[in-house]
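Input: structures, listed below.
Two complexes, one shared chain (chain A), two partners (chain B, chain C).
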Partner chain A sequence: MRSEENTISGAQIEVRSLTKHFGPVKAVDALSFTAQPGSFVTLLGPSGSGKTTTLNIIAGFESPTSGEVLLDSKPITLIPTYKRNIGMVFQNYALFPHMTVSQNVAYPLQMRSVQKSLIHERIRDALQMVQLEGFEKRYPRQLSGGQQQRVAIARALVFNPPLLLMDEPLGALDKKLREQMQIEIKHIQNQTGVTVVYVTHDQEEALVMSDKIIILNHGRLQQIGNPREIYDQPQNRFVADFIGETNLFEAKIRHENSRSVVALHELGATLDLPVNRSFAAGKCHVSIRPEMLWLENKAHKRSGIEGRIEELIYIGESTKYIVNVRNKHVVIRHPKRVDRGLFKKGDQVVLWFNIADMVFIDGETP
Partner chain B sequence: MLVLGIHNNTRIFDLAIYMPILHGKLGKILLWSIVVLILFFLAIPLFVVFPISLSASSYLEFPPKSLSSQWYANYFSSHAWISATILSFKVALMVMAVASIIGTTAAFGLNRGRFRWKGGVFVLILSPMIIPTIVISVGIYSFFAKLGLIENYWGLVLGHSILATPFVFINVFAALQGFDRTLEKASASLGANPIRTFYYITFPLIRPGVFVGALFAFLVSFDELVISMWISGSRHTLPVQMWMDVRLEINPTLAAVSSLLIGLSILTFFSAEAVRRRTERKYG
Partner chain C sequence: MKSRISIPGAQEKPRRSIDPTFYLILPLLVLLIFFMVVPVFRIFALSFFDPDFTIKHYMKFFQAGIYLQILLRTLVISLMVSVCCLIAGYPVSYLMADVSPKTAKILIILVILPLWTGILVRTYAWMVLLGRQGLVNKLLIYLDLVAEPIKLLYTTKAVVLAMVQILLPLMILPLYATMKGIDRDLLKASKILGAGPLRTFWRIFLPLSTPGILAGFTLVFIISIAFFITPALVGGRKDIMIAMLIESQITTLLNWGFAAALSLILMTMTLIIIGLFHKFIGINRFVGSGDT
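Our next item is the complex of A and B:
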């Protein structure tokens, strides 16, 4: 493993009202965020959300229409890529096919005129870091996808850049290997202290790896937060829907005497809201995660939100139910511990949830 | 010749996929007999010319009654033949350089540039392959005459380069189409400026295309007769010398020269093929 003195400290990266137009299309629209030194920040969004464009601007492959990128408070927008000293890992690895593993890893050091004796040592350390000792003489095509990805990471970090950019680096790997690499990349990041800006469209990957998640859609910032904030307190319907699975309901809050009530007309329910929080009256949306709902047999309960099980999907660690409530589909997930296979397709059931698990999403009206 | 550079992954047995009849033992025999027949047909000139060149007779005699190497000796001792050969080599090597530079830069421009009339420029660069050489020759003759490029080394170089450039262009263009530009981005992110990126990454990976194109350029020039006849004047290139020989005094020296030429072509072709295979093995 790497010794302590090799530890590099990450840089702070700041993006200020970054905008990029491609013709009439605004690929990135006034995006601002900061990544603290040594943190792992993920740009998350569907395809066409501007996440890769943002990364390309930070790397220097594209120039912004307006706005700035600052590395440790110094603007870098006008510096060409090769002078930026930023490591990058590409989706298709982009290893040089005519060079061996060690030649690939040596390349950035040669470009920096590092002494030959030192190069050898640094290659060894870098390959050790990604657990690829003994592969020095192989050509990229002789390696598996996972191994190629490791070489790409070693090559991008061997020159101790303060910032590492990763563009969907695990997209081409199968699920098992991807999960293993997620842990390993986090491990390497902790070891080196490098700041990482990571691009993915995989929300699960973002939740697993990130200190901070930046959610983009159509080039616009949707929400910034740590994984827990993003998952538990989505700020708009896009985020609620994009991160994980959720049930979105139209809601209307009104004040009656000294209490507040919320009407969920799609479910035909009106519920009292907790008195210790204040709610603005008016239309909004409510998001309830499938795992926060549960079912009970209708025979046992007299009242509640009634529905019929339309679909039952056994996933292994949990069972997913799609319940028809007044012609609206509600998704419910029972973990294995509570679900004993008592429900069948077509059963009449009652839906339950804690009022505290409702997330109110303001602003947007249908 | 063109096929080599572009469809370099086709193997003869791939054909069997399209022709179910060629499966099985009988099919294999049929396939091989057809292949051998075609190859024989293509090689007939060699089977005739080479024996004649070894003939002891002073006429073109086939099959030769007795053998001798005198016609080869005659070639190597003849001033006219040797100076024509040297001129052809000099011209062909220069054409190789000129066509490689122009063809490669043109291929880069058309592969990477964003401009209107791209298709038009493409056809324009390839037009020397399409327009009959005799038409080009007439044009070159009247134009070069005004510039004093008749019976001139550089005139020959320029004339041949017109024919040779498309071969380089098409080979390099194909190589660039298959080149992954992410590699250039990766190189830049690793600290290489554009010149170093070209030197260490782009050029090594398209080099086989440039190399094969350059060999073709050499052969096109070395083989060229029509343009040379118009503009070479009294300084004969090898093909012109051969043509003159045929017209004036036919003797087996011609067959000896032809055999040497065929040998050279085969050598060039195989070295091009070897380069292709080596790269394929190395980078898959």
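Our next item is the complex of A and C:
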């Protein structure tokens, strides 16, 4: 282990009002964000949200219609791809099929005219980092998906780039392997200190891996924040709905005397709001996560929001209920610890939640 | 439906039935046996029995220098044609694989359009173009590049030129197919790893396009070797190719035995050259990039 020599000082990457048009389509629309040196930043969004286009512009495969990309404060938009000194892992790995593992890993070093004796050493270190010693002479087609993934990472990092781009690198792997690789990629990133810009459509993956998540939809920025902020305080309905699972209710806040109340007409409930916070009167939306709700048997509680269990889905570590409240479906998740299998399909139940767990989402952003 | 019911024990009998997919190749197999395998054996027999066993036809071929010379000439012309086709066809295929599907479709039509015209027609067209009073000479004189009409027709160059024009689609199509199959992400990967366009071409694109080069080269070479009409019409007295020799042995001299021997020698030479070529380039390295 020669970790000290392998340490890369990650670069800062800044994207400034980046816009890319494909004909009439705005693939990326005035996107700005900054990734601090050594941080793990994820571009998250559904397909067609512009996340891959953004990555392609950073890599230099596409040129932006307007806007700038700065690497350590230097604009790189006009520098050709091969001079940018950025590492990249592709979705399908893009290993050269006519080269062995060690030839693949040597490739970026040969392009940089690294001495032959040094190349050998660096290949060994890089393969050690991804735990692929002994596979030097194999061809990519002789490796499993996970092993190909490791070669791709070794090849992208062997020349110590300050920035690593990853385009849905785990998309082709099965769930178990994907979770293992997530941890391993984080480990390698911590070890090397490289700045990572990661693209995925998998919100769980984004939550697990990122220091900062940038949520995109239709090329437009929806929200930037760390995983906790993104999950706990979604700023609009798209983010609330896209990240995890949630129940969205139409709500109306009004002031009565010295207190504020919120009317959730879909649930037929009007609730007092805490006095220690101020709320603007008017229409808004309320998001309540399924795991923040719980059920009581109607026989035991006489008041509350009433509904009937329409579906019961046993997931193992939790049980998911779909409850019909005035013809609106509300999703509730009971962790195993509190759910003892007392509820059946068709049961009349009462719905409970803490008022503090309501997330108010203003505006009508689609 | 009855056949679907499985009776235990009945299945222990080894299945003797032929794989039904075999019947799909049956028509072609019959055709090949009667019009390919049988004639080849007939020719083989013709060359060795006249009417008793003899090797005199082969002796004649190897003793009189002229026949070896014709064989060599055939191989040289075929090689020149194949190389020229490759040089002319590679950039076209590259372009076709790179442009939008719509443009590629137009280019493909332009490439295969000449294939719909007969070889004889195209050869005559070259005669018109290259003759003493042909378009090319007239243009050269008009541009004051030459004073007198120069000899273009009935030269080796004319043979190669006409054959390249005729065989070019057979080079372009397999090249295009191979290049189309090259994953564009590999080129992107090469660039982000620090290789400029030229090095990306040499290290990645060219090696990955070799199966296409090999296929196109083989196709053009094999067909060139047996070319007959074009060298006969636009070539000079020196430009006799082996197919022309075989034809004259049969139609003019009625020497079937010698013609059969020539045919077998030609076939053997072709097989040897193709074999060497494949071994040299090493096609096996590139096939089957997917599964192990």
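Quick note on the criterion: the second predicted complex is superposed on the first by the 362 of 366 C-alpha atoms of A that agree within 3 Å, B and C clash if a C-alpha of one lies under 4 Å from a C-alpha of the other, contacts with A are read in each partner's own complex, and residues count from 1 in each chain.
Operating definition for what follows: a contact is a pair of C-beta atoms (placed from the backbone, for glycine too) under 8 Å apart; a residue touches a chain by one contact, two chains touch by 3 or more.
Just so you know, these numbers come straight off a predicted model, no measurement behind them.
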{"item": "Overlay on chain A: chain C relative to chain B, clash or fit", "value": "clash"}
{"item": "Touching partner for A:237 - first (chain B), second (chain C), both, neither", "value": "neither"}
{"item": "Which of chain B and chain C A:120 touches, first, second, both or neither", "value": "neither"}
{"item": "Contacts of A:96 with chain B and chain C, given as first, second, both or neither", "value": "both"}
{"item": "Partner chain(s) touched by A:186 [first = chain B, second = chain C, both, neither]", "value": "neither"}
{"item": "Which superposed partner A:298 touches (first chain B, second chain C, both, neither)", "value": "neither"}
{"item": "First (chain B), second (chain C), both or neither touched by A:218", "value": "neither"}
{"item": "First (chain B), second (chain C), both or neither touched by A:86", "value": "both"}
{"item": "Chain B and chain C contact sites that coincide on chain A, given as residue numbers", "value": "59-61, 80-88, 90, 92, 94-98, 107-108, 111-112, 141, 155-156, 159, 165"}
{"item": "List of chain C residues in touch with chain A within their complex", "value": "183, 185-186, 188-196, 199-200, 203-204, 207-208, 285-286, 288-292"}
{"item": "Residue ranges of chain B in contact with chain A within the complex", "value": "180, 182-183, 185-194, 196-197, 200-201, 204-205, 282-284"}
{"item": "In the complex with chain C, residue positions of chain A that touch it", "value": "59-61, 80-88, 90-92, 94-98, 107-108, 111-112, 140-142, 155-156, 159, 165"}
{"item": "Residues of chain A defined as touching chain B within the complex", "value": "59-61, 80-88, 90, 92, 94-98, 107-108, 111-112, 139, 141, 155-156, 159, 165"}
